[in-house]
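Two complexes, one shared chain (subunit A), two partners (subunit B, subunit C).
After this line comes the complex of A and B, so read on.
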């Protein structure tokens, strides 16, 4: 019998390299262990599913953000896109003005247009995506506030909240969790198996080389920002469904939580190197932190301090391990 | 008191169990130019990093400076011991003045918290005068200087610190022949003032002209130290590669076919003008000239990376205006750029991924990939180009220059270009790999590809090209055929003012 190729190399990996490779999951286990020790309700499967549901939008935005960060970019405007999505949808269906599906389609087009705008201005105007989306973060949020006159609009239409927020598949799996899983699979496929994913990595790794190699750099970049807005669109619908209203203030933590998740997952901020599974793990860390601290009734103010501290600690650990493994 | 200013005994280094340098014993005489020679991977860089304190001195090793034993923990220790290194990538601050850059590492000479512009300028002026470099203004921004001038500033910075030993890592790799000659003058000048210089280069003829003694490294061992006047270039090559290199430039005799590319009065505003030449099927067409001759820019224009403002291009008899790289690729033109790290390779991706970057027929970016098939394609290129790696999943950044260049070239092999634009085909790679690149060029030409090669290395240009166009400051100065092309003829066109 012929030996199959792809035999895993077992030896030759140092402890440091092991920690680097599996650091996301190690940090996750440690954090979950701490919360379980403090309150064993935390590890209860029902609580965990609830945690995934409550933080599902962070995962979803994190998936899109992985493409953007792999391109050595950032998108701070996703919270604004999510807010506009929720607000716009709630106003379109208010008082039976429009059925759900056309309202969804209209908001999808709007969201994609916002993402396209980010990408287009950044590429054609030669402005750092960080700066473009810093500006559009405020523009989009402002538009959501103007549209809604600063007030949440309740969503009363049948089926919407169930489909995107509070429903359960098989009586167990909250629909937002199903969205996370389906979108994760789609994202993984897109990133690992399509030319788009490959080109995103080439451009993020070396834009000049990609251009010389005939890769449509501008097109791919604009597509990635447009795609990112799609993820923000879904996140916006889930947020609206969970709160049963289109609220212009929702999703303010969304971009930074998602970026944190992506970075904790090991995607390099310098571009070229993204990790889809890592993003999943990184967002789990963010979700576990939020959920665990809420379970312990820690006020929001303390929660954001801890979240920030964990990110710095994780990066320090990273640098320490890398320095060690190079010796 | 020993005869050496710097003596190294029993220097060795291993990385994760792999020994890259073994039992090196080397002594430097005060005021000598000591060349360090060896193929890529021979251990030169590692040795330099040990001397410059980048790698901490190991306990078993001895470094004796001026009769005193020293040990370096970090680069600063070496600097404090008056050992300075001029790296290939210069370490100046582009938005500071020449003087500021020269005093940047000497701030403990100045008291207080204020800047001392006048003193800075005086120090800088003194040292530049000492080096007889009066063209460089001390209050010029470093950004505005040429690469060669920046190098001079870097050397001045070391001299102003009273450097006893200066290491130069391939200082001529990115400057023109003219500037290189000037650099040689500076080196001789410093040597006469008693500075010891360790000079690393791939260019044998350069070493021949400058070195007093030469040490050759091969696979981590010191093969020997010889007096320059006792050896020939061939001896050195033999020491370096450990085998006889019959011919460094294996030029193949290929009958030229029809004209594939005809360029007439090509012009790109403010860059170059009046460029006219013809390239045939199977031809290697060389473009020579000094740095600043705008040779790369001509290639960029042909590849759609630079706007063409006048003249015309005919491709296989049809008019052609390259709009962008994708458009050029549709016309079967390929481009291997001068700086493989900047625009040739995605350093953080694997060899396999880099080899699969070109996909000319691609209309849409969506579409699934079969990594297994791509792996097969990459494997084919790896075998045919003899890219030496452990696995195709190896990250390109970790490869030697020669292997990187093979990857940069290899990604175009499947594409089968009609015209290959090849900018500095062998810059910064060792002699063995050079010959291999020349062989690949020969094979491509034999298969009918026309190669347009920009090269700053005269022997390479003269030996490999069928015809050579020489440019000076954005203007074509003439085309030489094989029988006319000598180093002198090329240099005359490239350098002499009208």
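After this line comes the complex of A and C, so read on.
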């Protein structure tokens, strides 16, 4: 069978399995190689760190989205949660109305409440999460506009922009990159090493079996959406810090970029099978594409075509290799 | 030169007289003294000539297109952008570095476009190119770069400040000589402006930022645009013999945009003097939003005597709603989209405050080249606004869309 399919064994796994397991990193290396060949500034360490900083909020939302997609769900409202976080925080601290920490705590509670609302309505109302979050995407964005009266509110609180956005640890590592690394480690642990993560994967794999096994399916689902809002909260703070304001318009592309990163990373949209490392790699692909195409001065119209094409090609390659591997 | 010679002669005579009165001094000594004096005088004369040459060079190093400057604020002053915006509720904390005053410039240049002294590389980040206005700005900037002899790196940010900031970080790594940017997010651009300042790279913005520092800004006086739109509507209402009593509906963006706030100020000022006119503001983003809102307003306000679209999407939505409702309410506008110019020609719009997309781009590149060449430039440069009515709409079309005609557009051949 192997000879017929042309797939050879290597170190206990077939070449096909090797490509499937490492497809994200292979795609990433190819993309980075191409961009480096076309413009060597791409591989400059400062550019690479800037690239991570610029997409840090996509990475962070991608981590949370991995739980949701593993549950066979989707959350389109994360951009709205991020916008409300930035707008609410900027208004709370404006003119010294409130110190930073209480303002952060209030906005954290608000964000978690929005996530809880998504999960609760979806579970208790028996509505597809896609439809619930499609609605709340508009509701949250509208609330951000109402709260701010459409005015971006500059954030002039000392230390905020440095801590969440423009600061550098040791003069080198942008603080958003540090957030990505810390949250990546925490998310990996939560996903792979805790009961919660295990239950999420079980429910995504077979919801009825999980229910029969005694897993509180509704509770886990609501918790996952609430958790996802926490990631959107952090992303919202980073966005507000990077852009020096609470802007109701921020984070519009956040859900789709994060979902693309998760899918590119190998998490099945049908649920059950998720990979935090994969999400990291998938978001890196999105980041590398954005950075590389910017460096090549590619017009926006071409950029979106390339991004879409890479996602489709990655999916086709994934399916092809899986099919070959199963032969 | 004559003065120098006369001085020499005078010195010589004095010395000879001195020598004659002092027999102890030998002719050789006198000659040495004379030579020293001559040398000193020649040195002084050379210094004077050098100073004069430097002064002449300073005069020559004027802005290449200064002939077209109509000064609103004198050279040596810096426009107070913060004082302009903050009273309108638009928070602004911007420093403009260039001290060459504030000038109005026309849609055209009397003198030749500047040539770069060196082979500069300039980064240009535009907020959007996927429409006619954006693509005209980009095409103009690329042509101007070619004309000036500089290399242009382009970033199409598509209203994404993150993408714009990415490009600017990369240009800093590429050691560009200057950056021209049209901000996507008026506050979010501060990060880029800070980074450029730290890197010592000059920056000229096309549209003002609301935070950070820039060497110079190219903009339009949007208060004037609003005034022009208001005055055209006011005149049309009066010409139609309609009493200044009733409602005027105007459509705005749902969020605060500096250009919108300033246009609104100018428009509202025109109608302040009419106590019986109620001004009703509606908001939307897309032409569809504005269509729907205006459709409702036409039904809800039978006493409507006029309407105003603050920007092109508003006017286009309102004009189509008006046509669908078979309403003859008078409508004015800002912006010069082809559909708006056609609407003016057809009589569906009384007039629009228009401005070129091409010339501000060209003026901005001129500013950057002059700045890099070491010339003092105006800190704020206002592009020209034009009140376009049925009387001048065809001429305006040809100005704003070179090589095309309104007739051709309406016939579908252009």
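In this text, the second predicted complex is superposed on the first by the 313 of 327 C-alpha atoms of A that agree within 3 Å, B and C clash if a C-alpha of one lies under 4 Å from a C-alpha of the other, contacts with A are read in each partner's own complex, and residues count from 1 in each chain.
Keep in mind that, in the parts below, a residue touches a chain if its C-beta (ideal position, glycine included) is under 8 Å from a C-beta of that chain, and two chains touch if they have at least 3 such contacts.
Source: prediction; values computed, not measured.
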item	value
Side-by-side fit of subunit B and subunit C on subunit A, or clash	fit
Contacts of A:301 with subunit B and subunit C, given as first, second, both or neither	second
Which of subunit B and subunit C A:187 touches, first, second, both or neither	neither
Which of subunit B and subunit C A:152 touches, first, second, both or neither	second
Touched subunit A residues, subunit B compared with subunit C	C
Partner chain(s) touched by A:209 [first = subunit B, second = subunit C, both, neither]	first
First (subunit B), second (subunit C), both or neither touched by A:220	first
First, second, both or neither for A:201, with subunit B first and subunit C second	first
Which of subunit B and subunit C A:260 touches, first, second, both or neither	neither
Subunit B versus subunit C - smallest C-alpha distance in the overlay, whole Å	37
Contact residues of subunit A, present in both the subunit B and the subunit C interface	none
Contact footprint of subunit C on subunit A as seen in their complex	41, 44, 46-47, 50-51, 54, 145, 148-154, 165-166, 242-245, 247-249, 253, 290-291, 294-295, 297, 299-301, 303
Sites on subunit B touched by subunit A in the complex	303, 305, 325-326, 329, 335, 337, 342-349, 353, 356-360, 362, 364-369, 411
Subunit B-touching residues of subunit A, taken from the complex the two chains share	193-196, 198-199, 201-202, 205-206, 208-216, 219-220, 223, 268, 272-273
Contact set on subunit C toward subunit A in their complex	89-91, 93, 128-130, 153-158, 160-163, 165-167, 169-170, 173-174, 185-188, 190-191, 194, 210-211, 253-256
